[in-house]
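Next, two complexes with chain A in common: one pairs it with chain B, the other with chain C.
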Partner chain A sequence: MSEEPVVMTHNLQKIFKDFWRRPRARAVDGINLTLHKGEVYGLLGPNGSGKSTTIKVLLGLLHPDGGEVKVLGKPPRNVDVKRRVGYLPEESYLYPYLDARETLRFYATLFGLQGTSREKRIDELLEMVGLSHTGHRRVGEFSKGMARRIGLAQALINDPDLVILDEPTSGLDPLGTRQVKDIVTALAEKGKTVLLSSHLLADVEDVCERITILYGGKVQASGPIRDLLQVANHLQIRLKDLDETQRTHLLDTLEQQLGQRPTLEPTRKDLESFFLEVVAQARRESGEGSGTRAEGKLAGFLTEKKSESKGQSLDTNPAASSDI
Partner chain B sequence: MLVLLALVLLLLPAGLETDGTIQGALRMHIRYSLGFSTFLLAAMTIWVSCASIAGDISSKRLQMVLTKPVHRTEIWWGKWLAVVTLVSCLALICGAVTYLRIQTMIQTSDLSAEARQVVFSQQVTSRRPVDPVTVDLTPEAEELARQQILNGAIPENVPMEVVIPEMERFLKVTNNAASAGESVSWTFELDAPLQEGETFQLAYDYDGAAMGVTLVPGAWRIDVDGKEGVRIFETNETPYGEKVIPVEVGTALAGAQYLTLTYENRSESSGRVFFKPHQGVRLYFTTGGFLLNLVRALILICGLLSLLAAIGVSAGSIFSLPVACYVSAVVLLLQAFSGTVEEAVEQGIPPRQEEQGAFSRAIQQVQFKVFEGILVVIQPLQMENPLGRVSRGIEIPPSEVFRIFLLRFTPVVLLISGLGTLAFHRREIGEAT
Partner chain C sequence: MKYPGSFFPLARLTCVEIPRQPALLLLSTTLILFIGCLPFLITHNLGEAGKLVRDSALAMMFLGSLLLAVPAACNAVSTEIRRGTAGAILSKPVSRIRFLAAKFTGVSMIMLVFSGMASLAILMADRASALDFQVGWRYLIPLYLAIVGAYLIASVINFMTRRPFASTAFWCMAILILVAFTWTGIRSETPHEEGAHEPQVIEHAGHTHAAPQPHVEVPIRWSLLPACALITLAALMLQALALLCALKLGVVPSLSVSFGFFMMGLMSDYLLASRAAESLWAKILYFALPNWQHFWMADALTGGGQIPWMYVASAALYALTWTTGILVIAFGIFDRMEVC
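Our next item is the complex of A and B:
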């Protein structure tokens, strides 16, 4: 018997209505999604394609007008479901008069976290997102990138089984983007399911196993990213350390065998890798700057093997229970 | 808002003109300075309560909270409780500041011991009022109406339901007036027999006089159980404003539970002395301290603010922030003018005039029905200003505070919160605009 999907929508419909309850826009039109445990799933589409609406329905913020939605096997507005979900909205809507530590404490308390375990998690998360040295600064003074980082930290405060990230790298520098991608990958390796919505296709390509592309509220393409991006009848051969003679010999042989002369191009690094190398070199030479400091390593509590719930059970499935 | 509150509490009394007496200044502090602070707090309650949910929705912060494992009902009640706690603390601080200022004023004023005693016995105190036994004036009013119609003073086509209330009003005025050489009486039924040695106050409030501003000789007589003139207090004063005569219960008055109070107008001129038809003559019994009375008034104010907070949070659960504020402000204004609305409804639709068209008559009837509807809606919010009583040293009984909370505030808050939480539960958050 196959494992129950973490997220399941069937023929999901969402219609926005005007003041007189007349249909104004069909934001989501018959979307089917199935996310499995430990999977990083990408939701792509241009503005107004229905990505954020779908996410808000999955979070119980909007009511579906048709179809079926199940998150962790239950309706999305179920409080037990919310205990196991982490959410980073497209912008981090934070209380500006709270500092970073107070912000995390506030959201941790909503999950029922108390005492030293809460403070330990906050320390680990601040360390993970590189804000441990700005824990007492009001978040209203934070840059967009720092606000995104604290937003990501609050999304992980409950050690969620399902993490929904809406534009997680928006406003982040390349270093921050790389760290977020590393965190997403590490979360998936630990068995957590990640639903990622983004405009930045390179980010999605780097971390997602499967994607769905939406347009006009409908699914336009869906499947494993490797299959979707495969170009038929085109092959790539990678070799290194060839001298001029070997190259000429290779080209001649291939031409003789295939009847067409292939082209040779040197392998290029992508810009992100190059940038990260330069920054890493600079850091080695001149030490840490005044900005954020993080290695993209997962917080300790997120990597721990979950123990049996001692207090209030968060789930009927013991394997998925939390130590909150 | 907090700065404005501080300015009203500390500076407003200095800008208001009083009658020059310490009593007037104290009344000004309690009734107007604290009263205006209360009005500001009510406005603040509406703003904060509307913004607590509607503001969080428009700033999208609520999206972060609603995705956490908290029931929407808990969030609604949490917001309401936070607003109520904030405004109640501010109301109590305003009350404490007013109390301290009153004490300072009395301590620093150069009052004589007698004048100080008057202040403490009549204003900075808590007195239980006893009103005269009410008399059913309807039979007398009906008889008077018939006579007036027979005499031709009232046209026959005027309906009796219009004439009778007018006659009753007329009788109320004449039954509280004494012409020269005549007397007027009131009967009082006390809760318990009078004890020897205890004191009470005979208070009467003149309602102007027909003879102009002049000294009127008169006398107040207390009769008990058929014995006339047990106590007589002669007066010679200008018939304006409220006067108080302290009465010590002696052997003759001890044990009496029914008192008849008679005012004799000993003037030789034809002037007529009027007392206010409503609460014009009362007896006061001291029941406790001023501070406790002030606290009870503040508790009632906090109750009213909690009701406003429920309205504000509910409005914020249904509407956007500006609309929610507008709706709540309208409710607050209706509450402020509820007396006017009630008066209009009590007076009813005026009798049909010959020159009045059918259309204007229909408009009038619609207006009346609207006023009746408004009164039904705002009735739970209607409450006699407790500060008015505190400023006059009149007791707000604990039983009344308890009754208002139990029978009015609690059910109305529960009803409004039920509607608010239902609306909040159904509200979609994060809808595309």
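Our next item is the complex of A and C:
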């Protein structure tokens, strides 16, 4: 790809030191990452594998001890780079005494958003994450899932080009998880680059195109998810609406041709799809509950074309204007 | 392009967050109430009740300012770093220096509001204790009503609009104390006769009583304000020190170091002044430690004495220099610091 990568690390090293500056733990050891525009990239690994440390280096919160890091073509501590980055931390680090709306307003103001455009964005984001009816409730009273949702909203307040999501579905119910995955997919369709760190493999598998698996701070596997998950010399044939006679005939034919009798298994839904169907059915029958309400649809300002938002942003909305 | 605007939202957030913590409301209410109670607690002292009230009230303000400033500064930095909110903010387009400067400014704003409330309470308490053997209830009752009123208004607002009780009560208290002070001030605008301060003592059956003086107006002793301003400056200095400590230490160690520094500064004349001529280290330490004695001028008010505003200005310059030095060190440390 000729385009400059959105994120690039080369031989990234991070060593945590003790009080006497002696090495205590090598958290990241020679990681190479390249993320391109419009890509959803998964960073996988068990706890303590270096995912969050890598992300914090990308955000300029931790200093690398070796290697090279570039985010949007610049060093990560550059304040202008941070204007174009949205970050959802692993824990929802929020001010407990602020309400949801105040929280978003505060983060929006850090990006220079003002006036009605800011309030419109806040409304859209609250709607998107299903918290529009709890806008005046203190976030300290929120459940973990609700805190994740408001965290996601603050990560998108600046219409970022690069979205870094650290365990975005942690603490969410299956419905919320599905909505987050839909949002991630929609963001990528709009040309945003998403770096998603998680140890929930199903979530990553659903939305990521490429992944890197870390263990002990080192890259253990990396590449397109389809290639990595492919089982060599195993093929799958999918058919539907076969009666008993057709099935028997098919098996006999294949046995004659291939010299081995294949096994037949009915196709199963995954549990997530089944759960979502049941909840959707229940919702149709008994209406909305009192919890969060969202459809996983992207907020309006995130779906606007860049050229349109750029025209608006020159005088009122500096956070929306961004190019790689 | 950088956003100079990010300083103000951060400072404003600190101003919004700190009063929402119930500890600030409880501490400021207790201190102001205590200052307001001093006149009738000390009124039956044999003479010099006014001086005792003034000294005690200023001491309460000094202690209260330290108790508020140091934890608030520690909380604004140490807790934010530990809680992760500092990292979340620094992942936005906010420079580290701006973050720290905004935190200091935000805490200072709250401290100034508290100092303002305490100063007005001291002025009212002083008026209430001006007449020996009498309590000037007319100056105290508005103060009590302001405190009670603030809590009542905050309760109603909380019930009606769900606005946070603690911060609403804090801000209402600040406004109502100002209203109460203005009201009592306007009442004393009527000219009073010379010697009205002197109590009329009557003797009856070998006992001494103060004669009732229902309409004696006591003027506001504005000379107390420079003493209050000096205490506020001292609190701001200690707040800067607490902010520096909080970058590397937790809340409790930061509090311990700050109070240790406070004690050393109080005793620096005794411990270091004589040795400064002989030892270079003693000299350096003597000049590096803030000398809190410069900021405690209650004794200067005895016998109608005044603290010149020029003295306050020079003390402010000293405080500004010292605070700037501490903040520059803090900025240097924080800029290189890793924030998890």
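The rule is short, and it goes like this: the second predicted complex is superposed on the first by the 306 of 324 C-alpha atoms of A that agree within 3 Å, B and C clash if a C-alpha of one lies under 4 Å from a C-alpha of the other, contacts with A are read in each partner's own complex, and residues count from 1 in each chain.
One rule holds for everything that comes next: a contact is a pair of C-beta atoms (placed from the backbone, for glycine too) under 8 Å apart; a residue touches a chain by one contact, two chains touch by 3 or more.
Every value quoted in this text rests on a predicted model; they were computed, and no experiment measured them.
Engineer: Which term applies to chain B and chain C once both are placed on chain A by superposition, clash or fit?
Structural biologist: Aligned on chain A, chain C clashes with chain B.
Engineer: With both complexes overlaid on chain A, does A:Tyr97 touch chain B (first), chain C (second), both or neither?
Structural biologist: The second partner, chain C, only.
Engineer: So, A:Arg268: does it touch chain B (first), chain C (second), both, or neither?
Structural biologist: It touches nothing on chain B or chain C.
Engineer: Just checking: does A:Tyr107 make contact with chain B only, chain C only, both, or neither of them? Give me first, second, both or neither.
Structural biologist: Touch status of A:Tyr107: both partners.
Engineer: Should A:His234 be classified as contacting the first partner (chain B), the second (chain C), both, or neither?
Structural biologist: Once the two structures are laid over each other on A, A:His234 reaches no partner at all.
Engineer: Between chain B (first) and chain C (second), which does A:Tyr87 come into contact with in this model arrangement: first, second, both, or neither?
Structural biologist: Both partners.
Engineer: State whether A:Arg21 touches chain B only (first), chain C only (second), both chains, or neither.
Structural biologist: Neither partner.
Engineer: Who does A:Leu62 touch here: chain B (first), chain C (second), both, or neither?
Structural biologist: After superposition on chain A, A:Leu62 lies in contact with both partners, chain B and chain C.
Engineer: If we overlay the two complexes on their shared chain A, which of chain B and chain C does A:Val79 touch? Say first, second, both or neither.
Structural biologist: A:Val79 sits against chain B and chain C alike.
Engineer: Considering 153-161, 171-179 or 243-251, which region of chain C has C-alpha atoms that clash with chain B after the structures are aligned on chain A?
Structural biologist: 243-251
Engineer: For chain A, give the residues common to its interface with chain B and its interface with chain C.
Structural biologist: Shared contact residues on chain A (touching chain B in one complex, chain C in the other): 56, 59-63, 79-80, 82-83, 85, 87, 89, 91, 93-95, 107, 110-112.
Engineer: Touching chain A in the complex: which residues of chain C?
Structural biologist: Those residues of chain C that touch chain A are 1-3, 5-6, 9-10, 13, 16-17, 20-21, 83-85, 87-95, 162, 164, 167, 338-340.
Engineer: Can you check the complex and tell me which residues of chain A touch chain B?
Structural biologist: Interface residues on chain A, with respect to chain B: 16, 25, 27, 48, 52-53, 56, 59-63, 79-80, 82-83, 85, 87, 89, 91, 93-95, 107, 110-112, 154.
Engineer: Okay, in this complex, where on chain A does chain C touch?
Structural biologist: Those in contact with chain C are residues 56, 59-63, 79-80, 82-83, 85, 87, 89, 91, 93-95, 97-98, 102, 106-107, 109-112, 136, 138, 158, 318.
Engineer: Spell out the part of chain B that touches chain A in their complex, as residue ranges.
Structural biologist: My answer: residues 59-61, 63-71, 428-432.
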